[in-house]
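The following pair of complexes shares a single chain, chain A, combined with chain B in the former and chain C in the latter.
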Partner chain A sequence: MATVEATTVRDTHRPEWVENIGGQLLALLTALGIAVLLGSVIVIAYGENPLVVYSAILSGSFGDANGLGYVLANAGPLIFSALAVSVCFKGGMFNIGVEGQFIVGMASASFAALTFTFLPAPLLVLSVLVFGVLGGMVWAAVPAILKVKTGAHEVVTTIMMNGIAASLVAWVIRGPLRYEDIGGGFNVNLRTDPFPDAAMIPDLGHFFGIASSARLSWVLPMAIVAAAVVWFIMRRMRLGYEARAVGASPGSARAAGISIGAVQVKLFLLSGALAGLVGIQQLFADQGFLPAGYEAGIGFTGIAVAFLGQNSPVGIVFAALLWGVLARGETSLQLETDVPREFIIILQGLLIMSVVVTYQVAKRRLFSRQLRRAAEVEDLHDAEASVDIEEAGEPGSSREVDR
Partner chain B sequence: MPLGDFGAAIGIALTYFTIIYLTGLGGLFSERSGIVNIGLEGMMIVGTVTGSCGTAELTPELGLPWGPLAGILIGAAAGAIFASIHALATVTFKVDQIVSGVVINLVAIGVARFLSTIAFGQATQSDSGQPRMDPIDIPLLSSLPWGLGKAFDGISPMVIVAFLMVIPVWYSLYRTRWGLRLRSCGENPDAARSLGVRVSPYRYEAVLLSGALAGMAGAFLAVEVNLSWNEGQTQGLGFIALAALILSNWNPIRLMGAAFIFGFAQAIPLRLAHAPIIGAIPPEFIRMTPYVVTIVVLAGFVGKVRPPAAAGRAYEGSTGI
Partner chain C sequence: MASNDAGARRESASPLVVMEGVSKRFPGVLANDEVTIDLRKGEVHALIGENGAGKSTLMRVLYGLYPPDGGTIRVKGEVVKIASPRDAIALGIGMVHQHFVLVDPFTVAENVILGDEDGPILNTETAQRQVAQLAEAYGFEIDPAAAVEDLSVGEEQRVEILKALFRGVDILILDEPTAVLTPAETKELFENLRKLRGDGKTIVFISHKLDEVLAIADRITVLRRGAVVGETTPAETSKAKLAEMMVGRPVLFRLDKPQVEVGETVLRLDDLRGGRLQGLSLEVRAGEIVGVAGVEGNGQKELADSIMGLRPLEGGEVSLDGHDLRAMSTQEIRNSGVAFVPEDRHDQGLVLDMTIWENTVIGRHDDADYSSRRGVLFIKKMKELAVRLIAQFDVRTRSIESTARTLSGGNQQKLILARELETDPKLLLAAQPTRGLDVGAIEFVWSQILEQKAEGRAVLLISAELDEIYALSDRIVTLYEGRITGEYPPDAPADEVGRGMLGGKTPAEAR
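The block that comes next holds the complex of A and B.
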């Protein structure tokens, strides 16, 4: 009896990585399917053909080079934002403050661009990037230190820091960095001085025949490099190992001699540094000044993209592209169908909700399967042991004896 | 009149109080049942657009006080329907409550725009100057001397509703079996279950109630205060309500005080910009006070707050593996 059971258990045992990747893909495809299906229901309720709508969405990005350029240009900020979220997530923390960190980073980057105008172009750009990073890190340091020193939960403190950041940046634009060269426009009070040309990130699109209006700049390669760096830190460096240990089980991490507080602060600083670069694309490759009311919501969208990419750097790059394709679909949707363009935001919401729920369900199923298998293996050992004992002529022995 | 501005500021503070208090009560029910709700802002947003739409559609048929009232109730109902997503995700599918709340806030913007295009033919606003309930003067208080009476002059009936709301909320939470059980689900769901309380239905009810109150607050903002729907009109008030809830230590009576203080902070830049001392502070710094106060309190520098013990954790059920 025992041997028969043993073979069946061994036959159904697939390698762990196959199960992981297969499970991830299955979960992702299921989530996509659910979202597309629910989206179709809305489209049909609206009296349109879902196939027409979805192909219109795709044609916006893949119809011509400029559409693709737009998607790529918008992926950069999303990658930075999602990486910032994922870094904290790996350590078991939730940084909802990416939005605040990014707008503070942009205010300090704008300060650098308007102050160090005497620097040559490469150095000025570098100082803009450094100040963006520093601004984000300073804003991320507050909730991190409060968490470690006082136990204040980072979710609430980062939400509050977002509120403070919005007011602070509004004040900066109204006060210290105000637009002084008052021209004829009606909103002259609502932005900073224009940045010098030397502070701007050069265009990248013209190498690939993409119009400069798509604003594809060197920010995208920077974001991909950042993703590679985050991968390296998380997979090949001590901080990454410690972060995963803390995220998986703080108790075991502490027992292993890891200083949890130090890891949490380091992760938050790394997260803030990445968040500080979120606005570079929009400010220094597109607009050329810091407008008031600069709450683009990319910090929150980054959370969605991080979920979609399951907090892995590679996944995040692809998730950011997918998000960009959907966003780009707004325009073509309006041109080619009667469905309002806001359908895209609904579709994005459906996608992210179904991803979150599907992964949660998948994780639980995987967990219970692993538990069951562990139990089966244990039974198997017991069974084998008792068979051995039976052969040895000690039929009365029980499990307790084996253990 | 030197105090005239002060009276006017209190009047505005009462308006903000109504929004923050109603939304905060929503958060109170949800978190007391063990479900953290950072999606309050999103639920408010859905309330603003549906409330405004309901008012615009129903006022011609129902007449004046009833049309806007129906609009506000529609906003509350829409908030509850929207909150059911949060309930389904967190209670049934046991998705992380913070994650779900973030998604709720993200989705709300899209839902609002989508509904607005259908209802008003434009994505980010409705026609301005929509009908509202007739404002009322509170007898006695509105005749206070030195201009203080301005505070109670021409206020929306909903302000009084918000003030009276504390009675049913306090009673239901602390004097009924339902409230005791709801709170026990938020403190120790395992103990509640062992005494025969079914945790999930209570959490569902609390989250739906939470959405209804936040939606009502949003509808009040759109219908009674701004007289139109505009994208972004909630201005993060849902998060300020969350801050007030923390400051109140999850208590409906103390929440009134917190909501009024934070409401007053919102009113200062609008009416007391030229007052001595206060006028010297940039309005942006006054606007950030609710957040700063909350961080200070949370960090334990002043006072001590304790959230419901089980808030944030999914209830695994008695058959948990």
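The block that comes next holds the complex of A and C.
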């Protein structure tokens, strides 16, 4: 028979969130292990030594400080992108339009950088960030309003908005932000003027002995703060609470008086705001201008990273780092082995598939354990309740339970 | 309703199946504790018990879904090992689960033969003819060419039964078959079952609805906490005796209605139109329970949803204490004093994948008590509320951090009641409040509803269970095709109310 403390209503066991996080971590590690093993099979089939290949991948990221710097620098945009995806996902929506929202965000951030040149550095950087956020929000508002007002599915509308965004940027570069500072041998139709230095995000890497070529900037801390903010909104604020209810059971949320449309619009705006910052690293910490044909694909990679991180802000930060390590491994793989770089893409695919499987298994096991405990508690209560009733001799009355 | 008409003949038949000393242990729970039970040819054997008593587990062992941890199973005298449903079917044992497993876009015939096709080439016409013959032989009304997605729940169930019969089973296990049926569909099912019994089939009827068990069963085995507590027949027992065997203590089927002075009109519905509603008018006063009786599908859900502002109306007025509810959002309606126990607690009551404490506060999470104006939640206060309410309403759970999904149906309903009644409402709108609950939980829910009346609140009870309507109501109204067709005192004869439920027609005319 189980112990007596199981009957108390208060928590006496390990809190469930510990079990949840522990279980998630175990699932992620298992998934990684499975992906690495399956990857080894492919490497062996290719006639190479898996140990050599994996150590090449790892040395690319952890071999020296600069390698790590590249990984960290790449993680920032991925975190923003995955957070943007996850926010909508929690509310039961797929924002496939992070790509478009981030492109438009960058166009409007570039506008700020090239227009408000009279501002001192901190204010100019701030206005760049604000314009990036606003651009993303405006682009996200369109599918959100269409969804709430007309029922148009967000997957369709956001994909369409991505196409329009790409054309919009092409137009911006030939029109409003056209290259003026002629000379230098550049093709004038392929990029904007360089941004003023005051608009650029300061380097962070030199504090840690990382070369400035790694471009590790303040964008990474910003992304981590954003993850913390998203966590707070989703777990500690009304919007997140309502969003999770809407995502998990729209009918119950509605019957509880939650306005589903309002929640969906707010989530899309938050998602767009995060998306608007995806390109900051690339444009304002690295290149220093807005190029034509600006489609980096990070908006789509964010979907994979959000998935890998199971849509939790903490998970997303780690997933982005892991993704960064793999991406960095592409280069060292080419330098040190004969395995083609596409192996990394295979490995990323394997990782996502193993995550799908292990998380499902983990979730099911966790749920059945919860169910089992619930059954134990009911049994114990039943035993107690019947004793209570015999003593009280009054069945059916709603009695106060004092333990 | 003479059910055990042929009882004497069957009494002498030797058992077809004997399960002897069968135990099944799940980690931490002994689901079956040395259960011994026998099934005879041509009988309806009811297996009853509260949720979690082990009735479904026992039958899943017989159907090869769970390997038993101990005991033997004999079929026609021989000890058998049933390792899978395939083995069970080969031995002539079939099972229809509570949740159907049908392929929606497929036709009835395709579903019936699925997994039992004759060779790689599908002959639709032959299949349809076979299924039609089978259906006719047992008096099942069904079109073999109809797509399953177009069928009613009762018809889907018939397809499930046909699937088992098509595989030539002699023993048919039905797990809570009436839980999803309307009263009319239940009646039809019982006619089918009697025909099957007459044909020598054995039916195991798993249920916790005592009236139905008494109406259809030849023998009744009662399980409590994994063990058999007794075997009886409808002739030897009564509803009260069965309930006591199930629960382990006497159960009150009629609670004392508190005497309360009826006050002013609280809820007024005037000529509601839209969807199924065709001019529904109704008043509920403070201190009274008005029971809306009716066969499901006559506008019950539309009525509840309209009051809660969850469905647009084409016409009519809804007012609470003189305030127009139609002009309000669901949130405003709740805030103005309406508590809502929805008929579907999974779809409208709880967010199953959120924790218990998150569920106890939903709908009131924007009160100043539980979140700031800027939208930051007061988690600690929310949890305190949950701890207090689950103690007060005896919601049995390990922790308020568990998801609502882990609760049993009765505890889920208690959680909803706790949340809704905490708001000190003017009106309680309770739709099918005891659907799917077992006897003990029903008693609790009923006493809570009567308590609301005693507190002087208005209660609108919508229920398809006439028993429930009678047990609680001060006034009974009947709902038929979106209109109120009659009003009755609480002691009106059931057949009179039944006529109102069919729009004032006799059952024969209604057909």
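Rule of thumb we're sticking to: the second predicted complex is superposed on the first by the 329 of 403 C-alpha atoms of A that agree within 3 Å, B and C clash if a C-alpha of one lies under 4 Å from a C-alpha of the other, contacts with A are read in each partner's own complex, and residues count from 1 in each chain.
Everything that follows uses one rule, which is that a residue touches a chain if its C-beta (ideal position, glycine included) is under 8 Å from a C-beta of that chain, and two chains touch if they have at least 3 such contacts.
What you see is a predicted model, and the numbers here were worked out from it, not measured in a lab.
In the superposition on chain A, A:164 contacts chain B only, with no contact to chain C.
In the superposed model, A:206 makes contact with neither chain B nor chain C. Once chain A of one complex is fitted onto chain A of the other, the partner contacts of A:343 are limited to chain B, with no touch recorded for chain C. In the overlay built on the shared chain, the residue A:96 is in contact with chain B alone; chain C does not reach it.
In the superposition on chain A, contact of A:352 is made with chain B only, not with chain C.
By the touch criterion defined above, A:365 lies against neither chain B nor chain C after alignment on the C-alpha atoms of chain A. Where the contact sets of chain A with chain B and with chain C meet, they give residues 367, 371. Residues 36, 38, 85, 89, 93-96, 98-100, 102-103, 105-107, 109-111, 113-114, 116-118, 123, 236, 239-240, 242-243, 246, 282, 284-285, 287-288, 290-292, 294-295, 298-301, 321 of chain B touch chain A in their complex.
Contacts from chain A toward chain B in the complex involve residues 94, 96, 142, 146, 149-153, 155-157, 159-164, 166-168, 170-171, 174-175, 297, 300-301, 303-304, 307, 340-346, 348-349, 352-353, 356-357, 360-361, 364, 367-368, 371. By the touch criterion stated above, chain A contacts chain C in their complex at residues 2, 6, 9-11, 13, 15-17, 236-239, 241-242, 244-245, 248-249, 251-259, 367, 370-379, 381-382, 385-386, 389-390, 395-403. Residues of chain C that touch chain A in their complex: 26-29, 52, 225, 248-252, 255, 308, 310, 329-335, 340, 342, 344, 346-354, 358, 362-363, 365-366, 371, 375-377, 379, 387, 390-394, 396-403, 405-408, 411, 443-444, 447-448, 451.
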